[in-house]
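You will see two complexes here that share chain A, one where it goes with chain B and one where it goes with chain C.
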Partner chain A sequence: MKKGSVELVGVVKRYGESTAVRNIDLHIEGGSYCCLLGPSGCGKSTTLRMIAGHESVSEGDILMNNRNVTLLPPRKRGTALMFQNYALFPHLNSLDNVAFSLKIAGVSKQERHARALEMLKLVNMETFREAFPEQLSGGQQQRVALARALINQPEVILLDEPLSALDPFLRTRMRAELKNIQQQLGITFIHVTHSQEEAFALADQVVVMNNGYIEQVDEPIGIFSRPRTGFVASFIGGHNIIQGTLTDSGLSVGERRIIALDRSLETGADNSASVSLRCDRIQISREPFDIAQPDPLQVESVEYQGSYVHLRGQFSDGLGLSVFQSDADYLASPLHAGDRAFVGWRHTDLNPLRPGGDAFSGL
Partner chain B sequence: MRFLTANPSYLQVTPLALVILLFLLFPVVTIVIVSFWDYNAYQLLPDFIFENYEFLLTSSVTLSAYLKTFFFAITSWLITLTLGFTVAYYLAFYIRSPLLQSVLFVLCTVPFLTSNIIRMISWIPLLGRNGLVNSTLQEINLIDAPIEWLLYSDFAVILAFVHLYTLFMVVPIFNSMMRIDRNLIEASIDAGASAFQTIFQVVVPLCKSGIAIGSIFVVTLVMGDFITVSLMSGGLSASVGVLIRNEISLLQYPAAAAGAVVLLITVLIMLSIMFRFINIKKEL
Partner chain C sequence: MAAPDKAKRKAGFIPLTIIFVLFIIFLYGPTATIAILSFQGPDGGLTFPMNGMSLHWFRQLFEEQQVGDFGGSLTRSILLGIAVMLCTAVFSLLAGLAYRRSFMGGNVLFYLTLVSLILPSILISLGIGIMFDRIGLSPGWYSSAFGAHLTWTLPFGLLIMFAVFNRFNKSYEAAAIDMGATSWQTFRLVVFPLILPSLIGVCLFGFTLSYDEFARTLMTAGTFNTLPLEIYGMTTNVTTPVLYALGTMTTLFSFTLISAALIAIWAVRKSRARKAPTSA
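Up next, the complex of A and B:
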């Protein structure tokens, strides 16, 4: 087994009466990039802090390399935490910030400075070794923080929303650098974020959390193409969720509409079931076509998004749909709010959702 | 007029400048002038002589008074610093609820609801020969005879200083501690630091300014004090302030003025050293 594997077994975190994390089981492969994804308050940061050892575990165990570390202090776990605001020591320059843990460990000044300089070189910050944190930009501070996290050769790096303090342009660049360093060093990165874009770009394994539970664990492709619950589908965006009742001929939505299915659905109480449908898998046209729904969709809004156009519409029976139309198709025959258009999809594009659980209702 | 409309900021500083001129600069200049005057038993004689300074700087009484004053200042500083830092640290890092934090903070200021003198005098029935402490200790047979050095001693003086001025340490240190990002403490723990290492490597450097400001308060207050020393030492110890006051009560104003000028210069030198440790702009 690769070094740096992390396993959570039945982990629970309670704060007095309220429960932040409810019974989580999770295995993170050594040397992989794992993203904990979810809205604020879903328990992802708490989970990270429990792995780091900055938060006690109410129930359950945390294992690293199959060693139980639940009760160990942070430094004994072989983890290093990178804070959201980087938490660089304002009274120390870059070099001393990076060398801080070596100073604590009693390493001689010469040796710790040499090793810290090496780390600064790794993140391309060696020219800023004398600079104090307040003299550095957000991106530079982040690199110093990364160097500080790396200096003890941890097996697991824990990153708490590391990119959220950066502007969007820098965010994409630092994202690439993080991935680069992770692959170069081959250590486990566990990264907390509320941006699905970030999680998809970085992760080998995405863990979607909601309300203290894990909703789904999968590769980014799996998360996006086969969201398991209504929450996942609505949180990552780009999906329609169609709720109805399961009948012999398909999913019955509203009073008359029957949506044909090609696979069985899990149903909840009273036979209710739901499916998700990717917005970009819906075909839309002014004229009816072979797989189109029999009645037209009333277009309510049209948003230009660059490479695609986001159309929102509603059927006369109240079922609303979002459609992403490629800009080429849109420009060939532009639709406007108030137009009527036919929409259709292949049965295979309908993704069954597990019943129960609520959809994500906005940030 | 045109100058003022072009530089309205001068107009804005005028009120404060006038206050400082009237209540600080004018008295100090007067004292400096008077310190060169001559005097006899009945009157002040305007003059320009150095005798006041000559006498002051050559007298062994001055030297011992200064030594005593430094001793009081340094001892009280060390004790108030230790106490103040501990109290501030407890308030800032151990008390999680902001409400309890403010309540405890206000509690610290309760002694300030009475005057300095009353707070000092209230020690007397406690520490005196037949005071509460001595009688209790005798009652439980810990001592046979009353402890003499509890009252009217250097111990009593320093006790009073600590009692009076610890809050002046607590407030600025607490203030700078509250500005320390709590993540820095976690970052320090993450780096493997023990609680003591975190305090000395992270917390102390980051509240250096608070410590310096508190030290300035305590040291200047103790250096200029005469009432605490004369009350609590029962007249047995003489600080520089006590000497000056004695000269005033004997109407030797020029001698007192010279003493005040020398004390002022001494304190200013001490302050200039302490100001090197802080970035005052950052604290405002």
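Up next, the complex of A and C:
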């Protein structure tokens, strides 16, 4: 097994009456980039802080390299935590910030400064070694914070929303730098974020969390192409969720519509079932076509998004759909709000969702 | 948007400016008047007009028989101020740290501390004086007055530390602990350096509160006067501008103290800025 593997077994975190994390089982491969993704209050930060050792575990165990670390203090775990606002000490310059843990460990001044300088070189910050945090930009602070986390050669780096303090352009750049350093050093990164874009760009393994539970664990491609629950499909966006009742001929939606299926669905109470359908897998045209639904969709809004156009519409029976049309198709025959258009999809693009659970409703 | 020019000022600007200027004159006028009158010539009196300019009254100040014990009372006030300052800083810091976590009776203790802020100073002074008398101890500036001053400075110091720790970002401590620091190391290397400027503020505050405290010293100073008591005594029996010279001297002393603190803070900032790279 590779160094830096992390395993959570039946982990629960309670704060008095309320439960922040409910019975989580998770295996994180050593040397991988794992993103904990979810809305605020879903328990992702609490989970990270439990792995770091800054939060006690109410139930269950945390294993690192198959060693139980549940009761160990942070420093004994071989982890390093990078805080949301970096928590660089304002009274120390970059070099002393990075060298802080070596000072704690009693390393001589000369050696700790030499090693800290090595780390600053790794993140291209050696020219700022004398600068104090308030004199650094957000991106520079992040690099120093990363150097400070790396200096003790941890096996696992834990990052709590590391990019949230940066502006969008810088965020994309620092994202690439994080991934670079992770691949260069081959250590495990566990990264908490509420941005699915960030998680998809960085992660080998995405863990989608909601309400203290894990909803799905998969590669980014798996999460996007096969969301397992309505929550995942709605949280990552770009999906329609179609709810109905399972009948012999397919999924019955509304009064008359039957959506044909090519695979079996799990059903909940009253035979209710739901599927997700990617917005970009729906074909849309003014004329009926072979796999189109028999009745037309009334287009309600058209949003230009650059490489695609986001169309929202509704059938006469109330079923609403979002469609992403490529800009080329859109420009060939532009649709406007109020137009009628036929839509259709292949059966294989319908992704079965596990019954029960709520969709993500935004705020 | 262009800056508003003079013509477009709001209607209230001129009356409010006049009130503000009057207030400034009210605030600093007396100090300035005393400062000017302290340079009165040897034949000058307590009021204008100035009868020549001299340092005559400053020289008079240091002749004990003339005007009472200025040197001695100043020394006592400074020593007392320093003692009160150190105690206030140490105990406010420790209490502030204690109040970061809740402890049994914490609320009651807090209100008890505030009570001594609310009670009239002169009553506290009287009470401490009577208490010393009943116990059979003779009050003194270094014992009963010291305690009386602490009843005033400690609640202030504690309130300042509350404000400091309310704003203190706990993730600094968490970061230190993450890097393996013990709680003592976290305090010594992270918390203490970060709150040091505020602690210096508590020190200055403690010193000045004690240095000019009158009411709480009145019944507790015993045989020897502190400076405010001495000055008060002089106002009744000294009828020369030496009184003004004394006022100017003590004001200068306070200004020197504050300037020294500001210069120290400025120097620290400057040395940091110099170390930083000039190119971005």
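Here is the rule we go by: the second predicted complex is superposed on the first by the 362 of 363 C-alpha atoms of A that agree within 3 Å, B and C clash if a C-alpha of one lies under 4 Å from a C-alpha of the other, contacts with A are read in each partner's own complex, and residues count from 1 in each chain.
Here is the rule we go by: contacts are C-beta pairs under 8 Å (C-beta built on N, C-alpha and C of every residue); 3 or more make two chains touch, one makes a residue touch a chain.
Keep in mind that this is a model prediction, so the values were computed, not measured.
Colleague: Looking at the combined model built on chain A, do chain B and chain C fit side by side or clash?
Modeller: clash
Colleague: Per the contact definition in the header, classify A:103: touching chain B only (first), chain C only (second), both, or neither.
Modeller: both
Colleague: So in the superposed three-chain picture, is A:130 touching just chain B, just chain C, both, or none of them (first/second/both/neither)?
Modeller: The answer is second: A:130 touches chain C but not chain B.
Colleague: Contacts for A:330 in the overlay, against chain B (first) and chain C (second): which applies, first, second, both or neither?
Modeller: So A:330 meets neither chain B nor chain C here.
Colleague: Does chain B (first) or chain C (second) touch A:93, or do both, or does neither?
Modeller: It touches chain C, and chain B stays clear.
Colleague: A:200 in the overlay: touching chain B, chain C, both, or neither? Say first, second, both or neither.
Modeller: Neither partner.
Colleague: After lining up the shared chain so the two structures overlap, which partner does A:213 touch, if you call chain B first and chain C second: first, second, both or neither?
Modeller: The answer is neither, since A:213 touches no partner chain.
Colleague: Looking only at chain A, is it chain B or chain C that touches more of its residues?
Modeller: Ranking chain B and chain C by residues of chain A touched puts C first.
Colleague: Counting contacts the way the document defines them, which residues of chain A are shared by the two interfaces, the one with chain B and the one with chain C?
Modeller: 52, 54, 73-75, 80-81, 83-85, 87, 89-91, 100-101, 103-105, 148, 152
Colleague: Inside the complex, what are the residues of chain A that reach chain B?
Modeller: Going by the criterion above, the answer is residues 52, 54, 73-75, 80-81, 83-85, 87-91, 100-101, 103-105, 148, 152.
Colleague: In their complex, what parts of chain C are in touch with chain A?
Modeller: Within the complex, chain C contacts chain A at residues 169, 171-172, 174-181, 185, 189-190, 193-194, 272-273, 275-277, 279.
Colleague: Taking the complex as given, what residues does chain A use to touch chain C?
Modeller: Interface residues on chain A, with respect to chain C: 52-54, 73-75, 80-81, 83-85, 87, 89-91, 93, 100-101, 103-105, 127-128, 130-132, 135, 148, 152.
Colleague: What residues of chain B sit close enough to touch chain A in their complex?
Modeller: 181, 183-184, 186-193, 197, 201-202, 205-206, 208
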